[in-house]
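Each of the next two complexes has subunit A plus one other chain: subunit B in the first, subunit C in the second.
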Partner chain A sequence: MMLNRRNFAVSAAAMAIALAYGPAGAAGKYDPGASDTEIKIGNTNPYSGPASAYGTIGKAIAAYWKMVNDNGGINGRKINFISLDDSYSPPKTVEQTRKLVEQERVLLDFQPLGTPTNTAIHKYMNAKKVPQLFVATGAGKWGQPKKYPWTMGWQPAYPGEAKIYASYLLNNKPDAKVAILYQNDDYGKDYLNGFIAGLGAKAKTMIVAKESYETSDPTVDPQVIKLKASGADVFFNITTPKFAAQAIRKVYDLGWQPLHFLNNVSTSVGGVLKPAGLEKSVGLITTAYLKEATDPQWANDADMKAWNAWMDKYLPGGDKSSSFNVYGYAVSATMHEVLKRAGDNLTRANIMKQAASLKGLKVPLLLPGITVDTSPTDFYPIECARLAKFDGHKWQLVGDVLCPKK
Partner chain B sequence: MDAQLGAKVREIAALASGAKLSRLQWIGIAVAIAVGLIVPLLVSDYRTFQFTLVLVYAMAVLGLNILTGFNGQFSLGHSAFFAIGAYTAAIMMDHWEIAYYWTLPAAGVVCLIAGFLFGLPALRLEGLYLALATFALSIATPPLLKYDHLSEWTGGVQGVVITKPDAPFGLQISQDNWLYYFTFVVLLVLYFCAWNLLRGRTGRALKAIRDNPIAAQAMGINTALYKSLTFGVSALYTGVAGALGAIAIQFVAPDSFTFFLSVAILVGMVIGGIGSIPGSIFGGIVIVFVPNVAEQISKAAPWAVYGTLLILCMYFMPLGIWGFIRMGYARLTRRRKAD
Partner chain C sequence: MEFFLQQLFSGLAFGGVYACMALAVVMIYQATDHLNFAQGEMAMFSTYIAYTLISHGVPYWWTFLLAMAISFVGGVMIERIIVRPVEGTSVLNEVIVFIGLLTIFNSLAGWIWEYTIKPFPSPFPKDPLFGNTFVGTHDLGVIGVTLVVLFGVFLFFRYTPIGLAMRAAAQDPASARLVGIRVGWMLALGWGLAAAIGAVAGILVAPIVFLEPNMMGSILLYGFAGALLGGITNPAGAVFGGFAVGVLETLIGAYVSFIGSELKLTVALVLIIAVLVFRPSGLFGRVVVKRV
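Moving on to the complex of A and B:
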């Protein structure tokens, strides 16, 4: 059929009406990045550069959304996951995040990784009112709903973890004498201040010695020797992997046998405890909130079976002993639930509202008893953890779920 | 008759040495400025932001070019000067609430002094040894910025967050557009100064030192002074670029100024065109866009693609992009004349 002038006018008018009323006629309410058929999710991860080991998490998350799409998506919408490389460099994160928000027009930014990188976009995301959800860092500053209502963490924050150790001491060893070794930066101070706050009024009497180190120090042996001389019977080890291994070894070699808390940052058996000496690591205590894929007690666990099947199908060749793959799956499952609950109201405000009203949410691969809880005033999704003790081969969970006191 | 001939010879010599611009070069500059002015009106804010970064890196590349391209001194330490400029701007804006435009001269002066002082010991080092010394400078920068006693100013690992300036005089343009034009004007001023510096006596002295330091000294050039001053001026350019970069990104942190930034500036200079002022603009474009292109080609191994692109560039354009353009133009005009 030839398109004459009248036909053209009629069809143009029809199209204008369709454009004007089309979206309203459909079921959903949408912000940029969402439609009847698709939800666009942005992400930045270090796929290259010095921190590229973390890139595993981004790949695991992409594999998770692939599974979701193969199973029909969320409420009939496919997930379009756009993950960009920022090399762990803050200027690049700003550039890539602006690309995601302004050019790709994503609905939200999910799991951007790293503390300096997230700090670089913190203000921008909140000025643009785009959700910066479940960021991949344990710093304490992601839970400030009043100042930054569009940003939320996910994993237990460092101060919260320190408070768990503190409440354990107050309950079980109230007359302890505590010595602390910490890395002299924001991460170390986050733990230290959380621990002091957790002990409350007793902090002054219980903490008998504090020593710090710089990442440029060749060794922490002198600090450990000083801490032992203080006569402490509890040692809180706030160190990154290399220094953790040195400290564990030195404590053992000195014949010092304190109750030894090791922060969650340095619990890798292969990366920390083996170099320190497995026999020297016996008795270390840390916290855990995720199931370990290598732990035989979860062999028949339904979630773990599903995870194994997912690994085989979507990440063939992926490392099943890497906790990053467990982490990526669990955090994506949380996001999945939030999007499901948002239903057809896919506005950024509603996404934040749903993310801030999770009550006792059971997420696959979290340890039994640990749930995701948020509220409009609580932007720390996972706060509780269980203690785990090293038996010379692996971490053994001990005791009940502990939560930091508010 | 002789006087006329002499004038003609001087004219040709001036054109050949770059002391004067030919009509074609004037047209090229006018077109470049016109394009630079129009671009932000045609693209999104995000693209404008990227082009602002191109200008920033073009400034840093020009700084390195003055040092390496014109004076023959190697540096892998320009990330340090970039960081000093960025932190100067961030600290002034965050701690003392000084307006952003005042931070540029301050960053320039601080870096000029830092560069000059670093240039003094560098006098004893030549070629690869100088490259190693400057390499040390760039890897020492991030830990120094994290240093505890400085962290009251530098913000330690957290860095400093700064606020983006609004357009003044009630101009109805976005922050990104305003910052672009602001950077553009600074770039023009700096490029003009560089051209003016390099086309006369000083430029000839710098090139003489590059080509044959002993002969230069024999001609009465104070090589030590010139070399240290060149280091200072080079650092000044990079420092101003750092300050503008900090304002555009709105954030400085030690992790932003790793050794890799030095390498990126060096790559930008080589691909853009060593010893060429307009080539530095292409250097800025390479720094911002080539990694993005590489990522689009392969997510799994972006750096392998990046490396391949670099090798291809060096193979097909051994004199850099600007050298390629010049050679192409020369070949075209020669053919036309032959016809």
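Moving on to the complex of A and C:
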């Protein structure tokens, strides 16, 4: 008897839920990975291997979806987030992504991390017509809606960031002599070419020296010595963390005091500036588009409070000073919004359509004034940023929001 | 002039590190007739041991000696436990064991200490000596320590009975065995010494390049180039080769514009090939004639 009553209660509750969501279940349009009760989202992240520090992002995203599910999911559907380890190795990414698409049959691949890894699955995802959404890399190539309509980035792209530095120079220091150190690969050249394009006709006269390095070089000290000898008064540092730390230290040790732009890739205080020496990092300039959790000016910010509560509940023991946790939350919130807008039409085509029609979308934890904007011809969601200067302890925001010239 | 001196000393400092690696390579080559591909990763691992000791408050120079001692024991153990069973079976077996060791040490270090870069302290003062602007004190220290280590190795082989026994075991194992030298243990000692010298290289270079599991990869490559240039059978020649490669690489990168920074590593590789083609035994190596 007791049992029956409980059964009744349960089914009554189910009825109530079904009524509340109306005829949604019946009329839903679905591609593989979506149903009345569930949305399957795939992801690859480096949980092991040399880039495993980035794995924090994957864990933060999983924690975000857990919160969403605890709050009832999206339009009544739970998120089933399947994140696999690819060790930042492109062949492994291909293997894991095929597993996600062909065995797990996910609706979409969200935030796969890394430039070489995403490059390896770029063609595959577009041939299979599975969304490769909001990828965790800043390369310029993720914004080609004509050629790759199923792939989209999220964070400001490298060429756009370089253009922001270029326009800053043109406006504030038009007679600058610029020396550039860049990694000799796609990533380095993305920045370099963006910077040259940003300077336009003045690039030839303003850039006085360029040096490249290979990731196999033990040190970039000789390159920095050469760049200093060029007499430049601006240094654009396009390097990954280890080499960034070497270059920052060498610039200081040589007594060279240029206006020092550091690419967003290597701005981690703990991972780059501390090893290089905090006192040697004073005055570095970079771009920022996310709120820093450690910045006291956001202490009473509603989004930041929500983020803190989420960290405490879903990532206890997680590092609150790591920008990866802010990043994972903000990018997931963007995906959340896209899925909400897709409603009951959970086809892959509709997901891409929604992702490509975000107008002035305010995403939690983006700096005030920075929004997510996309269109069928604009696959670069975040393009604007603010400059930030390192004061010896943390990055201080300076100036207004800057957007690269199209 | 200042630019030239900056580049020269930067090259010499790295040359010192390459020289240590070249010497470690030669030690094992003499004992086993093979290049130890895991030499770099062993040195990296020793550096992490030093890092751990320092972060537990052990004073720097004690750490330096302790890390060398631990590496020595570790090197001997690797030879006894892992290399010995495959010794003399086939070249391929030994090479595969070396490559296996390389991967194991690399992953192990990443697993224990993570892949993020770590600053490593230098025992030398931060300010340049006499206020000069062309050479950091650490760079000078690297050159100095390298020379001291090399001199120590020279004295050891030239004037101690064990050094003599090791030379005998390497040059003519059969005769050495007949006069009562325990050849197997001499080989193990060679591994121990190589590991200890590698530790010195790792500890010296870590403050310049930052400590991380892939730190020694390219440095070992330059070490190979140095060893081959100077002569893989001649420790002193290998040391000279190490310094020469360091200086050449830096100066060519700085002054030969069509090579620049992009082709520096290529220069080292071309050097290896050129030496192997024109003087297979290196500049100072002895020509080995084998009866077949």
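By our rule, the second predicted complex is superposed on the first by the 381 of 406 C-alpha atoms of A that agree within 3 Å, B and C clash if a C-alpha of one lies under 4 Å from a C-alpha of the other, contacts with A are read in each partner's own complex, and residues count from 1 in each chain.
The rule we apply is simple: contacts are C-beta pairs under 8 Å (C-beta built on N, C-alpha and C of every residue); 3 or more make two chains touch, one makes a residue touch a chain.
Predicted model only: the values in this text are computed from it and were never measured.
Novice: Mind checking subunit B and subunit C on superposed subunit A, clash or fit?
Specialist: clash
Novice: May I ask you to decide whether A:36 touches subunit B, subunit C, both, or neither, giving the answer as first, second, both or neither?
Specialist: It touches nothing on subunit B or subunit C.
Novice: Once the structures are superposed on A, label A:115 by its partner contacts, choosing first (subunit B), second (subunit C), both or neither.
Specialist: A:115 sits against subunit B, while subunit C stays out of touch.
Novice: Contacts for A:184 in the overlay, against subunit B (first) and subunit C (second): which applies, first, second, both or neither?
Specialist: It touches subunit B and subunit C both.
Novice: Please work out whether A:49 is in contact with subunit B alone, subunit C alone, both, or neither, and reply first, second, both or neither.
Specialist: Both partners, subunit B and subunit C.
Novice: Which holds for A:373: it touches subunit B only (first), subunit C only (second), both, or neither?
Specialist: Neither partner.
Novice: Does subunit B (first) or subunit C (second) touch A:217, or do both, or does neither?
Specialist: A:217 sits against subunit C, while subunit B stays out of touch.
Novice: Between subunit B and subunit C, whom does A:295 touch in the aligned arrangement: first, second, both, or neither?
Specialist: neither
Novice: Looking at A:102, would you say it contacts subunit B, subunit C, both, or neither? Reply first, second, both or neither.
Specialist: first
Novice: Check whether A:124 is in contact with subunit B, with subunit C, with both or with neither, and answer first, second, both or neither.
Specialist: In the superposed model, A:124 contacts subunit B only, not subunit C.
Novice: Report, in rising order, the residues of subunit A that make contact with subunit B in one complex and with subunit C in the other.
Specialist: 49-50, 184, 214, 216
Novice: Where on subunit A does subunit C make contact in their complex?
Specialist: 49-53, 184, 211-214, 216-219, 221-223, 225-226, 229, 241-242, 245-246, 253-255, 271-272, 274-277
Novice: Which residues of subunit B touch subunit A once you look at their complex with the stated criterion?
Specialist: Within the complex, subunit B touches subunit A at residues 44-47, 49-50, 53, 143, 146, 148, 156-159, 161, 163, 245, 249-251, 253-256, 258, 260, 288, 291, 295, 299-300, 302-303.
Novice: Going by the contact rule at the top, pick out the subunit A residues touching subunit B in the complex.
Specialist: Going by the criterion above, the answer is residues 47-50, 83-85, 87-92, 94-95, 98-99, 101-103, 115-117, 119-120, 122-124, 184-187, 214-216.
Novice: Which residues of subunit C touch subunit A in their complex?
Specialist: 3, 6-7, 10-11, 14, 110, 114-119, 133, 136, 205, 208-210, 212-215, 217-219, 221-222, 250, 253-254, 260-262, 264-265
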